[in-house]
Every structure is written in C-alpha cells, then in structure tokens.
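Just below sit the structures, each encoded as structure tokens.
What follows is subunit A paired twice: with subunit B in the first complex and subunit C in the second.
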Partner chain A sequence: MYLIKKSSVLDIARELQKEYRVYGPVVEKETRQTMFTGVEDAAELDLNAPIPAMPPKHIVFPHFERIMSYTYDRAAKKADIRPDFDDSRKALFGIRSCDLTGIICLDRFFLGQEFVDEVYRNHRKNMFIVANTCTVPFKQCFCVCTDSGPSAREGFDLNLTDLGDQYLVEAGSEKGKKLAEKMGLAKADDSLAKRKEAIIDASVSKFDAIATDNKAWISRVVNRVTTGLIDEKVWEYIGNQCIECGACSYVCPSCSCFNIVDPQTSEEAADRMRTWDSCSYEGYSRMAGGHNPRKPVEDRRSKRFFCKLSYSQSKKYLRPGCVGCGRCQWVCPGDIGLPNVVTYIRRDIQQ
Partner chain B sequence: MSEIQNLTIPEIATITEIKDEIVDVRTFYLSFDARTGGEAPKIKSGQFVMCTVFGAGEFAVSLPACPENDRFHLTVRRVGKVTNALHALSAGDKIGIRGPFGNGFPFEEIKGKNIIYVAGGIGLIPLRSSIMHVMRNKDEFGRILLFLGARTPQELMYQYNLEEWKAAPGFETYITIDNPVPDWDGETGFVHTLIKKKNIPVKDTVAFVCGPPMMFNAVIKELTEMGIGEENIISTLERHMKCGIGKCQHCAIGRTLVCTDGPVYTYRQIKTLGEQI
Partner chain C sequence: MNYKSGICTFCGTGCGHLLDVRENRVHGVFPMQNHPVSKGRLCVRGWNVHELLNTNERITTPLIRKNGELVEASYDEAVSFLVENLSKYKKDTSDEIGFLASPRSSNEENYLLMKLARAVFRTNNICLDSDPGHRTTLDVLHAGTGMAGMLGSLEEISKSEFLMVVGIDITKQNPIIGSELHKAARAGATMVTIDTRNTQIAKLSKDFLQIRPGAYRIAMAYLAKVMIDENLHDADFVKRFTAGYEGFAASISSLRESDVEEKTGIPADRLKETARALARARSAMVFFSSGISGFDRDTISYIYNLFLAAGKVGREGCGVNPITGINNLQGSYDMGIAPDLLTGFQPLSDGAVLEKFGKEWGVKLNGAPGSSVYDLMDRLKAMVVVDHDESIIRNVSEISKMEFVAYIGAFRNNFMNYAHVVLPVSTYIESDGTFTNTERRVQLTRKKIEPAKNIIPGWQLYVKIAEKAGVKWSYGSPADVMNEIAKLTPGYASISHDTLSAIGGMKWPNGAARFDIEKSGAKAAFAPTIANFAVPVASQEYPILLMIGESQHYWHQNNLMKKTNLPLREYNATLLLYPQGYVAISPQNAKELNVRDRFPVKITSPYGSMEAMVQVTDKVKPNTAYVAYFVDEMVTKFFMEHKDVLKRGEDSTIPVRIAKV
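Presenting the complex of A and B:
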C-alpha cells in the first residue's frame, strides 16, 4: 500500500500517459455529463465526477469495430483477408467498482469459456486499470445488492481510496506495484487498511439515505428466473412496457451481444464490422427467410433478465450478470430497468 | 482444433464444382487453399461451418458431407442476401470458411440401436452426413429406416443418393410426396402419416428428425405417441448465428447456445429449453 497527495493524484495518470492511452472520467463542459473517454491532458480527468453516463465497456468492446478487411477480385479468382485486431496500450483511470465488475464479467465470458474471443483478448492484452473506491454512493446505485462495490476487490492494477487529504494506493498486480515504486510513492502504514475498511463501511451505510432510486434484492429472484417459475403475466406486463430501443443493453457494463456485418468499402473490398446488438430487437433472432423463434416482445425481454439474473448465466460470469450501476433504470423509457423487474418478480412471488 | 486457426478469421476456400439440387438449392464443393492438397478440415457429422461470401456477409450452414470419405461440400438454399450472393458465384470463385463448430451427432451413445431418420424437404441436408456415416458402419446399428418427405418429386433432395439408399442392403427407405402427381407411383401424404403406416421399431430406437417446424411438430407427436422416448428423438436446430464460438449470443436458447452446446439436441432438451423450434 502506498499514499499519494490528493493534489498530485493525477500524476499517476500522467505517468501512465508515457506508455498508455489514458481513458478516464471527464465532465463534459456543455452537457455536464460524465463521459469515460480518452484524454490528451490528464488535468481533464475528474475522480470526483459522478458515475459516467456510459460504462467504459466501449474501450474493451467498442460500439462499432473493424475486425478484418478483405479484398476480392472475382475476375482474377483472388481473395485476401487482413485481420485487424486492436492491441494498443490502454489505461483506464478512475474506473468505479461497478464498471470494473462489468469488465470482469466480460473477461470471464470472452476469455474463460470453451473458445477465447481473439478480438476481445487483444483489447485486454496491454491494459492498465486504476480503480477508484466510491466513498459516497450516487442516487441510482445498488452495487451493495449485487456485491460489486463500493470498492473493487479484484481486477485492478492500482486501487485508489480517498482518505481526505490523500489517496490510499493499493497495488493489485505486479504491474501496479512497479508503477507505484517507479513513481516513488510513500509507503502507507498498515493501519490504513483498517481506515479504508471504515470508509467503505461508511459508504455502505450511506446507501439508505442517498441511493434511494433503486434497490434490487436479486438473491430473492435468482431461483425463479433460473427455473422459469414466473407467472407469464409478469413478463407480459414487462413486454408491454418495452419499446425495443435497446438502451438497456447499450448502457449495461456486462451486456456483450454483438452483430457482424460486412459493409463494402469499394466494388471489390469490404470490412468486417462487429457492432453492439441488443436482444430486445425483433431482428435479433430472425433467420434468413423470416422464421423467428422468438416472436413476442415479452419472450425477448425475459431473455435479457435471464442473462442478468439466472444461475445458469452466473456460472459463466462467476457472479450475477448485474453489477448494480443503475444505468438501465436511468435510461429505460418504459420503467423496466433491472431493479424494477426484480421488484415485479418479487411482488409476484409474494402473491 | 486443427493447427489452422479459423475461429475468428475465415480461411479461404475455392469452389471446385457447383451442382444444382432442387429449385433454389445448390451444392458447392470446396477445396481449402491453405491446406495441403486443398484437403478439408476434419468434421464430425452434425457440425456446421460459418461461410463468408465476400462482399455480402457470413452465414451458418450445416455440413452434409460424410465425415469419412466425401468431398467437403455445402448445400445451400437461397433465402436471403448472403445465400443469394453465394448462388451468384461460379466454380473457381473464393469464399471464406470458419469452423467446423458444434457438438455433432452422438454416434457412440447410440451404438446397437435401431435408427429412424425422418426428414422433410431440405431437412435432409444436415441428416445426410449422419446417414452416410451410418451406411458405412451399418453393423454397429440395428434396423435402419429412412422416411423422406417432400412437396413434389422435383423437391426431393439428393436424388442421386436416394437411389443408393433405396438399394442399400439393410436400409428401409420410404419416400413420400405431399400430393399425388401423374408420374409418381410412390407414397403420397405427409411424412408423419407414413410413419404410422409402417411397422417401425419402438424399443431401443433412436429417431433423427429434421425439417420445417410444422412437419417437425407433427412427427414428434407421432413418434412419442408410438412410444419413442423424448430423449431418443434427436434433432439439429437452426438459429441466427454471427460468431459460431459462443460469444455473440444470437443463438441462445434458455441456458444453452446452439453454436457450442448444439446444434444437435434431444427433443427432451429442446422441450425444457422452452423456445419454439
């Protein structure tokens, strides 16, 4: 454990900039929204900024990404494929524990199953992660319900905790330790570990008063979602509320469905693009010829919550798919963000 | 997995020959450019590949070839953008292949049992590989029955194989078309009604069923009523797929992914997964 003065905490980002493209929370001047974005000047980064509008998922799993390009010449009977994987050095600075948990979910899903996803593996290959403990929750947070906060326990190279006038810097990897040593950070007294625990406890106790928007007792519904023992009427109501905009999937730190398309770049060349997709769209499961095994919208909605809450899917993530960031509730025009869905299911169980 | 990595990036293959099967359906024989002698990757019967048509896109397609001794080929009906683009190609043109992917048919587990194949229309394509395998290893199985249905005689798949199967010793082959036509002297009526008419074995029997959803449901009803257990009815499912390696999630049914956990399922599994065929 190390210490760094609050006024110089951005020096960590500056040090990282020597080797990495640094991404972090930036408050946009015009909209005053927080975006997790790449910066040239580390001074733009703001560790106290509210939770970013979009999770940093797009840095490891871009919204729209070329994975290969190819040319083909029918007359000469030739084709040539060039893979295009992004393994550039990227650093995430000041990621909050919910969003980091999202990346951990993606790691386990993309790298830990039967096949390894090459595209994702390249994004993650040269990455440095600096997490930031939330000493105060935000209005929509419910990470305490999903065991993903307020402080990260794994997945980071360095973890920062605000102690008032300075930050406690914990190394989570050799890479993190090296950086701290290289910067010559002051060693922290062991007693500060206790102090950090107290800060986390204090943060958790503030959820009742501050994080009033959402609560989600997911443990109560995991069994029902897994076994499907939920009244059809509940899904029907949820389906009727869904306008199929896909926003919940886009803002979710652990949603990772993608589509693949080959837009042509010239007569004889095309790119293979991988783009985000959402299971709420009707075309998601529609096959060529028009047959669609998932027709009604409630059928598709139940799939999303199966993915977030079922035991079967948790086995892939080694935890629930929901990380408690509250963004789906924030963006959903139909009021069927995950916490609300959990509430509807619980109501049904109680009846 | 072969030493050639084609999980994400397709390998290039050349179309060596194209054969017209029935209306809108063609078979494409392939040789693989990067492999010695153009030899195809090893396949298991019941698996599928992802096929790239350059400039159009990629689609999942089942493998009809016999895993032991057959030229690698794809049989494709043109239905959408990419399959139409494939049908516009000619011999010598290049396409891309990823795979093979998927679990394949459970031949080891069904040794010694009777086998009934029920195929409707182009449902025969994914079953062909299995039929060819069983024909080569007839001694490992009991009675072998083939029930093949099509709308018209012109829509019967793999005409050249049908003759072979009809003549094969140990094979009981029944072919039916939906409605009588002048120069057809074979069976008529839907394939599930034909099953009822024939004396089929029920004990120690495994049924492979593949075809359009309507036909599938009718056949399943017939077979289960006759006493064949749901766990002994095997089918291969078709889903919208983008990656083939369990990442894009388009083919999710319940807790499984058709690309990595399937495409071969027993009817019992299909039922508990809770989605339409």
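Presenting the complex of A and C:
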C-alpha cells in the first residue's frame, strides 16, 4: 500500500501516458455528461466525476469496429484475409468497481471458455487498470446488492481510495507495484487498511439515503429465474413495456453479444465489422430458415434476465451477470431496467 | 474529447446524442442525458446511427448522364449542366418545372432551395416529398389558433393528467415520445388509445378502444357531443377564449348513439367514459400521426374541436399534438416548402409578405401560388429532387418521360436511375444545420467530421447553383442563412446559431413552450366541420377493409434504414418471414380462409390485385386487414392503383377480397 497526495493523483495518469493511451472519466463541457474516454491531457481526467454515462466496456469491446478485411481473387480462387486487431497499450484510469466487475465478466466470457476471442484478447492484453473506490454512492447505484462494490477486490493493477487529503494506493499486481515504486510513492502504514474498510462501510451505509433510485435484492430472485418458476404474466407485463431499442444491452458493463456484417468495399474486397447486438431485437434470435424460438418480445426479455441473474449463467462469470451500475434503468424507454424487473419478480414470489 | 453532442435526425422527436468521433469517422453513439426531450434515451434507429454514417453507399462524385450512362463529372460541370437545362423552362407561370424538397434536409438547406426555386428559377412549384398529411394538420391548427405547429409541448407530457393516443403506433414511429407517454401513465396519468390495431401503446393504456377503420371522425365528434350533452365541456373557457362554439355544437347534435356504436364498433358507454374522463381531467393532450399516415382534414378538425371544447388547449399540460415521423417535416413547412407558402406559414398571396421577401432577395416575386409536384407529374418537363425516399417509385412512369431530372442527395438510391444529373451533398454531421422537431423545437447540430473529398454541403451547392444562374448569394456559413430566415420569419425572429447553442435549442415562436391561450390575443376558433359521418363499408364482394400503415423499423421504404446493418436486419426479420410483404388478418378470418401464418393469399380490390403472405395476429379485428406500407414490390404494383386512397392518410382503407392461393 502506498499514498499519494490528492493534488498529485493525476501524476499516476501522466506516468501511465508514457507507455499507454490513457482512458478515464472526463466531463464533456457542453452536456456536463461524464464519458469514459481517451485523453491527451491528463488534466481533463476527473476522479470525482459522476459514474460515466457509458461503461468503459467500449474500450475492450467497441460499439462498432473492423476486425478484419479480405480480398478474393476470382481468377486464382484465392482469398487474402487480413485480421485487424487492436493490441495498442491502453490504461483505464479511475474505473469504478461496478465497471471493473463488468470487464471481469467479459474476460470470463471472451477468454475463459473453450474458445478464446482473439479480437477481445488483443484489446485486453496490454492493459493497465487503475480502479477508484466510491466513497459515496450515486443515486442509481446498487452494487451492494450485486457484490461488485463500492471498492474493487480484484482485477486492478492499482486501486485508489480517497482518504481526504490523499489517496490510498493499493497494488493489485506486480505491474502495479512496479509503477508505484517507480513513482517513488510513500509507503502507507498498515493501519490505513482499517481506515479504508471504515470508508467502505461508511459508503455502504449511505446507500439507503443516497442511492434511492434503485434497489435490487437479486439474491431473492436468482432461484426463480434459474428454475423458470415465474408466472408468464410477469414476463408479459415486462415484455409489453419493451420498446426493443437495445439500450439495456448496449450500456450493460457485462453484455457481450455482437453481430457480424461484411460490407463490401469494392468488387473483390470486403470489411468484416463487429457491432454490439441486443437480445431485445427480434432478428437476434431468428435462425436461418426463419424459425424464431424467441419471437414474442417477452421471451427475449426473460432471456436477458436469465443471463444476468441465473445460477447457470453465474457459473460462467463466477458471479451474477448484473454488476449493479443502474444504467439500464437510466436508458430504458420502457421502465424495465433490471432493478424494476427484480421488483416485479419479487412481487410475484410474494403473491 | 472525442464525444461530440448533436441531434439524431431519423424521426421528428429530435433526441440528443453524443457521437464518438475519431480519425474523421463515427465509431459509436450514446444518448445525451440532459436533453429536454430524450433524457438519455434513444431507439433502435438512434442507437445504430453510426452504421448509416459509415455506409459505403454514399454518392461520392457528381454524375452526368451521357449516352444513357451516369459518368463522373466535376461539380462545376454538373452544376452548369443543371443550370443550362433548368433555364430552358424558366418562366413566371411555368408548370413545366418543379422542385421536390426533402423533409430530411436542414432548415438552412430547405430555405435556400425554396429561394432558388422562387427567386432564381422563377417557379412556385415546390413541395415536399412524402405527404400532404402534416400540411392538413397545420392548416387546421393555424386557422384555429394562428400557430402552425404542435399546440402542446413534449416536455409537458409529464404534467398532463389525461393522454389520448389516436391512430398512431407511437412506440414504433416515434419511440421516445411513446416512452414519455408510458412513463407519464405509470406516474398516474390516464392514457386512452383509440386505434384500429392493438398496438403496443394500446397495451400500455388504461383503456383501449379498438375502432373500425375510417370511423375516427365520428368517434371524436361523439366524444364532443357527450361532453356537451352532459354539460361537462369547459363553458367558461369556451366563452372567454373561443369563437364558433355554437356552430360546432349544432353540427354534431344530430349524432345518434346507435349509429356511433355501429360505425365505430365501440360500445357507446366506453366512449362516454372516455369523454367524461377527458372533461374532468385538469389537463389533457392528444397525439396523432401527422406524416404519410396522418388523418384527413375533418378528423383533425374534430380532434381539435373536441379539445377546444374541453378547454384543453393553450394551457399547461394541454395540447393538440401532431407527431411528425420524419426529422424535419415541421421545419420544412416552416421554411416555406409549399407551393403557396413562404417561411413561417406566411402566405405567398399576401402582398406585404411578398414585398418583404422580394426586397430582401432583390427580385420581383410571383405571388401566384404554384402547384404540388405530384399534381403536375404528367406535365412537368424538368424536376429537381432532393434526398428522396424510395416511394418516388410510384411515379416512375411519369418521371421517365421527363426531359430533365436532377437528383441531389448524400446517399445512393433508386432515384439515381432516372436522373440526368446527380449532385452529391454532405450528411448532417459534415456541416452545421438546424432541424425543427415535432414540437417546434429548433435544434442546431454542428459539423463533426470533414466531408469525403470533394463533397460539399447542400447550402454550398445551392449557392453554387445560384451563382451559375447569374445570382450572387453572399452566405459564408449556414449561420448566415439562419440570420436571413430570422429576419424574414416572425416565429424565428430570435433564433440564430448563437441562441441555439444551448442543449435542446429553442422552440418557435421565440422560445414559447407551447401555445398559450392567455397570451394569444385572439380567440381560438372552432374548426369548420362537415357533418359527414360516412364510414368505409365492406361489400359482399369485397368484405374485408384493408388498412395501410407504417412498420416498426422502416417507414416509407426508407432509403436511410436500408444503409444500416442492425436496423436493416430487424427489417429483414419481417421480410425473411414474409418475402413478398405481409397482410395481417385476424385469427377468425384465417380460420375462414383456411390459412395459417405465412400462407400465400391473393388480395383483390376493385382496381387490382396482389399476392402476399398472411400474418395471423389478434392485433387486427375480424374483417379488417393491415398492410405495412414499406415493401417495395407490394407498394409499387398494387397501391399505384390506389393513389387517391393513399392521399387520405391513416383513414385510407381499401375494400378487398382475400382468397387462399
């Protein structure tokens, strides 16, 4: 454990800039909206900014990217395939624990199973992560219900906790430790670990008063979601409100579904584009030949919450798929963000 | 900061977004959280806008047709070619030349095109692609209140106690407005939907009145009658603020309950309940479609009169709210894209107005209104078309006979096949421009990337065309164009690119949230109505009423949506299931015909026939059928025979016979 003066905390980002492209929370001037984005000048970074509108997922899994291009020589019947991987060195500075948990879920999905996703692996392989403890929750937060905050326990190289006039800097990896040593950060007294625990406890105790938008006692519904013992009417009620915009998947730190398209760039050449996809879209679950096992919108909705809340899915992520950031509730035109869905299912259980 | 704020330009809602712009390309999109309309939401179209903005199907160079082939040319050559050809038809009273403008162009572009037509090429034959629907609505609202736009405000939906949704599949057409309605209903507002189909918003409403096709007019009239008969109308409001009430009340007094029940298919008691709830609510709004599937004049008049009698016009949380399906439909009328209008609904026939414009433009203008391009189709010799959706396909036979056709647009489209010259323009993120949404909100969207090499924005193209035609326009930017618009247009007087720089822009007139009856200065007049309550009836020979509507991710064979991937796939989800398009029929009719979902059927009308697959759904009532108005093959062949019917908008119904193939 180390310490850094509050006024110098951005020096960590500056140090990282020597080797990495640094991404972090920046408040967009015109809209006052926090975006997690790449910066040229570390002074733009704001560790006190509200939780970013969009999780940093887009840095390891972009909204829309070219993953390869190819040309086909008709005469020679030969295809030339050129992968287009982005293995640039990236540092995520000031990521919140919910979003870091999302990236851990993505890691387990893209890298931790039988097949490794090369596109994702390249984005992810040269990465440095600096997490930021939430000493105060925001109004939409419920990470205490999903065991993903308010402070990160794994997945970071460095973790920052605001102690008032200075930040506690914990190293979570050799890479992190090296950086702290290189910067010559002051060693922290072991007693500060207790102080950090107290700060986290205080943060948790503030959820009742501050994080009032959402509550999601997911532990109460996991069993039902897994076994499917939920009245169809509940899903219909939820499905009726789904406008099929895809926003819940797009803003979810752990949603990993994508679509592939090959737009032609000339007679013989095409790009392969990968874009985010969403289970709320009807075309998402349609099979070749036209059959759609999940045609009604409520069937597609139940699938989403199975993905976020069932035991079966949790085995893949080694935790629930929901990380408690509350963004799906923000962006949902239909008022069926995950916390509300949990409420409806609990209501059904009670009845 | 690579996120640049702007406005989504798919539909008339005008949601705020942030585009992820890097290396002169758009890499993604995110909703703007503190935008007054969209409040951090986008629909499937808005969430995938980067797919459109990265399409390979842009027009990349000016083209001139030589020996039947389109050949690459410079702007200079193509503009000269255009001007030479148009000049042949340049006469004050010419009905040989016409301009078909686009409801997707920015205000600045449409204003300059309008000026080009009237001041440079001396014709008033300029109109909008796609529809007369919104114009009809504006005529009614303008005649009644002096405001040619939505009387209410989207921001006040949450302040309204009673929400009426009439004949609009709003969660599909303008999803974010649908979301606002849904949220207001969840917060306690009473929402009632009156529609021929059981739409999503119908399911989300407290009450859904499924009406027979073509009976909206009589239903609205009856709601007003119930209110008046039970003395629930706002008598004080009517006395203080309105004119023409007695005439309206008398015109509907003859309505009979039994007739209403039979024609609407709705029990009179439920209509009565609705009328009472509307009257008792402290505030109420009505929403209806105002695009190609808009209502006829009489229906709109009854809707407006109903709300006027209820005292639900010109007050907080109140309003008669037409919803535009296309992003700048309202702005296009504001810019005078109509044969008989100048900007801000100022009539061309008004001598003082004409003189004001003539003086500013330095020309003597012709005050005789022109005609709609559609009315002149078989007489036009030359036509200039901007950014057209593919519904133009309906007029292919006339267009192929024209001597000269010019196409101006950013994206490739079938229309290029009929053009003699093609002039590319940049997209909305490659230039500054303003767009006016369905609630009169004028919003500025800034240039975010450099256009592809050699491509110029529309406003520069129009300046170039004017210059070639011998008229020097001295605009240095779209902001200069807006300054001229503001000077000539009372409602836009305080609007400039500077005043629009804040999030959400500014509503006309001059920032007013909505029509305000207290400040209006004149009495609101009841709209004249014709007591004609005939409804389309099916005959023994043609027993099923076919309705024509829009479909979820596509509307009007939308040229833009076809250039995306995910929204296109969603469209294909329907098209793959129903390759020739579909006709939705009720389970009862399906049983009678002995067909199941996806069985082919033949649809025969008195004028023609087509084959399509059936979609069996309880969304439509027995003996009615619904066709989504978006499948190229169906619309072209079958509906060409029904152009007159289509003009009637959402009221369009065609009696047909359906048989198993």
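In the analysis below, the second predicted complex is superposed on the first by the 348 of 351 C-alpha atoms of A that agree within 3 Å, B and C clash if a C-alpha of one lies under 4 Å from a C-alpha of the other, contacts with A are read in each partner's own complex, and residues count from 1 in each chain.
Assume a contact is a pair of C-beta atoms (placed from the backbone, for glycine too) under 8 Å apart; a residue touches a chain by one contact, two chains touch by 3 or more.
Only a predicted model underlies this, so the values are computations on that prediction, with no experimental measurement involved.
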item	value
When subunit B and subunit C are modelled together on subunit A, clash or fit	fit
First (subunit B), second (subunit C), both or neither touched by A:286	both
Subunit B versus subunit C as contact partner of A:26, first or second or both or neither	second
First, second, both or neither for A:259, with subunit B first and subunit C second	both
Subunit B versus subunit C as contact partner of A:88, first or second or both or neither	neither
Subunit B versus subunit C as contact partner of A:227, first or second or both or neither	neither
Touching partner for A:312 - first (subunit B), second (subunit C), both, neither	first
C-alpha centroid angle, subunit C to subunit B via subunit A, nearest 10°	80
Partner chain in contact with A:273 - subunit B first, subunit C second, else both or neither	second
Contacts of A:67 with subunit B and subunit C, given as first, second, both or neither	first
Subunit B versus subunit C - smallest C-alpha distance in the overlay, whole Å	8
Shared subunit A surface residues [contacts with subunit B and with subunit C]	259, 261, 264, 277, 286
In the complex, subunit C residues that touch subunit A	1-3, 5, 16, 18, 20, 27-34, 40-44, 46-48, 50-51, 54-56, 171, 175-176, 178-179, 182-183, 186, 200, 203-204, 503, 552, 565-566, 569-570, 572-573, 576-577
Sites on subunit A touched by subunit C in the complex	26, 28-33, 35, 37-38, 44, 53-54, 58, 62-65, 240-241, 243-247, 250, 259, 261, 263-265, 273, 275, 277, 281-283, 286, 290, 292, 330-335
Partner subunit A, residues of subunit B touching it in the complex	7-10, 12, 14, 52, 54-59, 79-83, 89, 92-94, 96, 213, 238-240, 242-243, 245-255, 260, 274-277
For the subunit A and subunit B complex, residues of the former touching the latter	67-68, 70, 72, 74, 77-79, 81, 83, 109-110, 113-120, 228, 256-262, 264, 268, 270, 272, 277, 279, 284-289, 291, 293-295, 299, 303, 306-307, 310, 312-313
